[in-house]
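Comments concern the structure below.
As written, the chains take the letters A, B, C and D, and residue 1 is the first residue of each chain.
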Amino acid sequence: MSSVSLKTEFAGIKLNSPIMTASGTFGFGEEFEDFADFSTLGAIVVKGTTLEPRNGNRGIRIAETPAGMLNCIGLENPGVQFLVNEILPRIGKYNCPIIVNISGNTVEEYGELAKILDIDGVKAIELNVSCPNVKEGGIAFGVEPKSMVAVIKAAKKNTGKPVIIKLSPNVTDIAVMAKAAENAGADAVSLINTLIGMAIDINTCKPVLGNITGGLSGPAVKPVALRMVWQVRKAISLPIIGMGGIMNAQDAIEFFLAGADAVAIGTANFVEPDSTVKIYRDLKKYLEQKNLTDIRDLIGKLRT
Amino acid sequence: MTLHKHFLADGVIKRHEKIGTNDVYLLDINISANTEKFAAGQFVQLQVPDGEILLRRPLSIADAAGSNLILIYRVIGKGTKRLAKTSVGQKVSIMGPLGNGFDLACKKPLLVGGGLGIAPLLLLAKRFAGKADILMGCKNAEEMDWPLPLFKNIVKNTFITTDDGSMGMRGFVSEYLPEILTAESYDKIFVCGPEIMMRSSAEVAVRHGIICEVSLEKRMACGLGACLSCTIETKCGRKKVCKDGPVFESREVFF
Amino acid sequence: MSSVSLKTEFAGIKLNSPIMTASGTFGFGEEFEDFADFSTLGAIVVKGTTLEPRNGNRGIRIAETPAGMLNCIGLENPGVQFLVNEILPRIGKYNCPIIVNISGNTVEEYGELAKILDIDGVKAIELNVSCPNVKEGGIAFGVEPKSMVAVIKAAKKNTGKPVIIKLSPNVTDIAVMAKAAENAGADAVSLINTLIGMAIDINTCKPVLGNITGGLSGPAVKPVALRMVWQVRKAISLPIIGMGGIMNAQDAIEFFLAGADAVAIGTANFVEPDSTVKIYRDLKKYLEQKNLTDIRDLIGKLRT
Amino acid sequence: MTLHKHFLADGVIKRHEKIGTNDVYLLDINISANTEKFAAGQFVQLQVPDGEILLRRPLSIADAAGSNLILIYRVIGKGTKRLAKTSVGQKVSIMGPLGNGFDLACKKPLLVGGGLGIAPLLLLAKRFAGKADILMGCKNAEEMDWPLPLFKNIVKNTFITTDDGSMGMRGFVSEYLPEILTAESYDKIFVCGPEIMMRSSAEVAVRHGIICEVSLEKRMACGLGACLSCTIETKCGRKKVCKDGPVFESREVFF
């Protein structure tokens, strides 16, 4: 019997562990039923949701890159009403906090979405202001403090739930964005979303992806993500969900040390569908080895 | 159509050999799990060993017996090139069986395969216990070197086309198909191969009033219906090739 | 005998090929004498040079990351006078254009360096305004158009040589920076310098690198670099040196298609010291296969 | 001290086996090039096969004969862990010989090695054709399992220390060193091992007025003096371990 506890609290939400899933990589949880153990998950962050259903991008949607992948899914989703009516009731049975990742074309849409999702079965909302794949909306909000602030305020005004802002790494100074988010009243930040990248097929001389560019994720981006978490940790005092290339407990621990209060697992779910379970197990082992009993003893403990 | 709970296992490579002149390999993997109920048309997500390749690769279940899985693949790019270097005894992580598989309900099936699309028809032919015919199309006689022996005793009649006429009929399967469908009263055809070949074959089938199932290919990340890499537009809305497919009734996807 | 020509011109400089070496990864060329073939190289871009000699950073200076590496060399170099007096005369024998990469603490220093290097034996200067490792200088110039423009102007005023500005990828909009550079009178741009990243040792709970953060290079960054070259190609008409994770001819071709007029090979030199030779050879083969006779027929030919 | 032009070659693994209880491996590689003139103390940059590991790994030349190179390494992290999985017959890219190597000029040499630092002393002992003595230090008797047999017939006297006293003298080599230096009139000592051990040994040597060469370790990218990953501060200015070293006269680097 291990006396190590991974239980924690994030923005007022009680979590079984600080291990969450990254939006868009874990569906609605159900898809991973055979591999995940929902009692070890801190939260399921579901696929990016919009007011209306969306078809996403045409053509090829993923490409593998060295130690990473590009995606241009383009926010395909069944729309918020379907989520509320059909999916949330279904996944409630996991007894795992559900965080809904939302995306809007306008500031008002974020507000509207926040209002619709201010219901039981939703523990928090995560604002995706950085998805690089959708021409209207998305991108603009995430790289410019003013519009990001407007989005946060619109969301806050319309919900009693914690509002998590997901920061884009495609900015000159992530700390500036984080501070703006803190001042705007966000309850937490998550970072990073994907870096914008591209791949070319030299046989056809065409871009590999249907949308030309896509979002880079996976181990390749980990050094950048880790650096940004560390920068943001120094800049603000809001809780942080760290993500970007976390494949195993070692990676997760690096994020905790850098200052993440929770981590989210993304691309790793595609590589090992039981990644979250393994990370939970190995994280416990690490704490035991280090004679720590509480995951919170690790957070921000980087010695510089 | 049987759906099973997925497994994730470190299989052990029992056999790995080049079976075709043109970089086609057969991989026999012991997964220490009963594979008897895996449906023909289902696939696995195989992890290319040795760490360089991030994403898993989808490969059809070409055969399944006892706790062994047979996969047949062609070297296409980085992943399959590296896979070809793995040796007997090595471990390889396998996740599956994924997708729906073919619907066997029919009396007189015709299997139609092109190139590597022939692979999943092997298990399908077995499931039909000898009562199926097969029409195989390849570029040339050389490309027929691997499928011919494999199908020898598990189908009734074998029809062959090659693009260059070096074996069997000259031309595409879809050109030969009307003749075959007229000569014999098939009630269902199962097509797997390049999309253009599936489209044209499906068209012929529909013209002959015969139900046609096709097996689609799309780039996949999760293989579980979660990432939406593989979504397609169908007559009945958007579907995921990995989960709702890879097998679809042709009229649902070609319209 | 191949009729394919890799000869080209870049910012008025005649090159034997569009394949250069990236500053800091190829020393002064001499170090690679046993492996490189200088007749196949377009130019040698030498290590970042400053007015005074610099010792660089303390502690561990490199860390390997998935498909990439972090470095915090910190611009160690023997100073511009040593370069001019000792090194340039020595490496003149290669008959390969020498481009000197320079870094200053102030705008004036860039001007001074440009003036000192306005000599025979130097074909062009490359302004490093993006090195993320030096606390004073470097970083600030590369992420803010105004100071970058000042640096370019100072250099241009003091030299008759082509001035290449090396863009930092650590910005929100690389096209904005490129346009500012073009307007300021730069003769060419090169991109990308390294992305800022970090690595943590979970045993010691300390950063791996002596400087805490470092610059990420190698295959991991290629998708980002390629996207930026493509973005910049659309934004300006100056010639571009594309770099970032080019390991082989296929990678190089992707950059040419995206719009790079030349490419620079960096981290690959550490992996295969004869990378540039192999890329030269395989690039020729590719052109032959594609029935192209001139490398310039490839540049910017991405079909979107 | 002989300096050679570097080669870059795909060596073929001829032997690869665990020689120590604690994850120490011996790698015998045929590089189809004459290795006879490689200097003791030089190293190679070895590419870990299979593509996952980007940078080469520096490993000392433990032995060189004909066209074969012997490397001895301990599994430390990602790269050596993966290296340990390569099998006989596999190709491995080797670049070398790099660095300066030890300066053999002396009459009565004492080699002093700690842990894996003992590896390069093997070739050094051979170059001294039996006239060298060696002082080896390890954590415990178990750690002595691989070096003992290797040095058996190529040195005169062997002195041993273990941290826990489970073999030879109890303590660090530097504690035993004064005694040895007093008993016998060595005119040069060659030290390779953990930095702290080299520092303290060098101090003893200097106190006894004996020249001491040490072999340093620093993280390396290029191994050629180009990237400046491995620069150190010396009495004579900044030097590169990969090119100006790895061997230095102790007073040059420990001051």
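What we mean here is this: contacts are C-beta pairs under 8 Å (C-beta built on N, C-alpha and C of every residue); 3 or more make two chains touch, one makes a residue touch a chain.
A quick note: this is a predicted structure, and the numbers were derived from the prediction, not measured.
Asks: State the smallest step count from chain B to chain C, taking one step as a move to a touching chain.
Replies: Contact-graph shortest path, chain B to chain C, evaluates to 2.
Asks: Hopping along touching chains only, can you work out the least number of steps from chain A to chain C?
Replies: Between chain A and chain C, the shortest chain-hopping route counts 1.
Asks: Could you work out which chain's C-alpha centre is the most distant one from the centre of chain A?
Replies: Farthest by centroid: D.
Asks: If you average the CA atoms of chain B and of chain D, how many Å lie between those two points?
Replies: So the centre of chain B lies 55 Å away from the centre of chain D.
Asks: Quick one: chain C and chain D, Cα centre-to-centre, how many Å?
Replies: 36
Asks: Cα centroid separation between chain A and chain D, in whole Å?
Replies: 47
Asks: Name the residues of chain B that each touch 2 or more other chains.
Replies: none
Asks: Where in chain A do residues touch at least two different other chains?
Replies: In chain A, residues 67-68, 218-219 touch at least two other chains, as defined above.
Asks: Graph of touching chains, which shape: line, ring, star, complete, other?
Replies: Contact pattern: a closed ring, each chain touching exactly two others.
Asks: What are the touching chain pairs in this one?
Replies: Here the touching pairs of chains are A-B, A-C, B-D, C-D.
Asks: Would you pull the chain B residues touching chain D in the complex into a rising list?
Replies: 50-52, 82
Asks: Looking at the complex, which residues from chain C come into contact with chain A?
Replies: Of all residues in chain C, those touching chain A are 65-68, 70, 143-144, 170-173, 195-200, 202, 204-207, 212-213, 216, 218-224, 226-227, 230, 245, 250, 253-254, 257-258, 286, 301-304.
Asks: If you look only at chain B, which of its residues touch chain A in the complex?
Replies: It comes out as residues 5-8, 47, 53-56, 78-79, 93, 95, 219-231, 233, 238, 243.
Asks: Flag every residue of chain C that touches chain D in the complex, lowest number first.
Replies: Residues of chain C touching chain D: 24-28, 31-32, 34-35, 47, 55-56, 60-64, 67-69, 71, 73, 76, 218-219, 267, 269-274.
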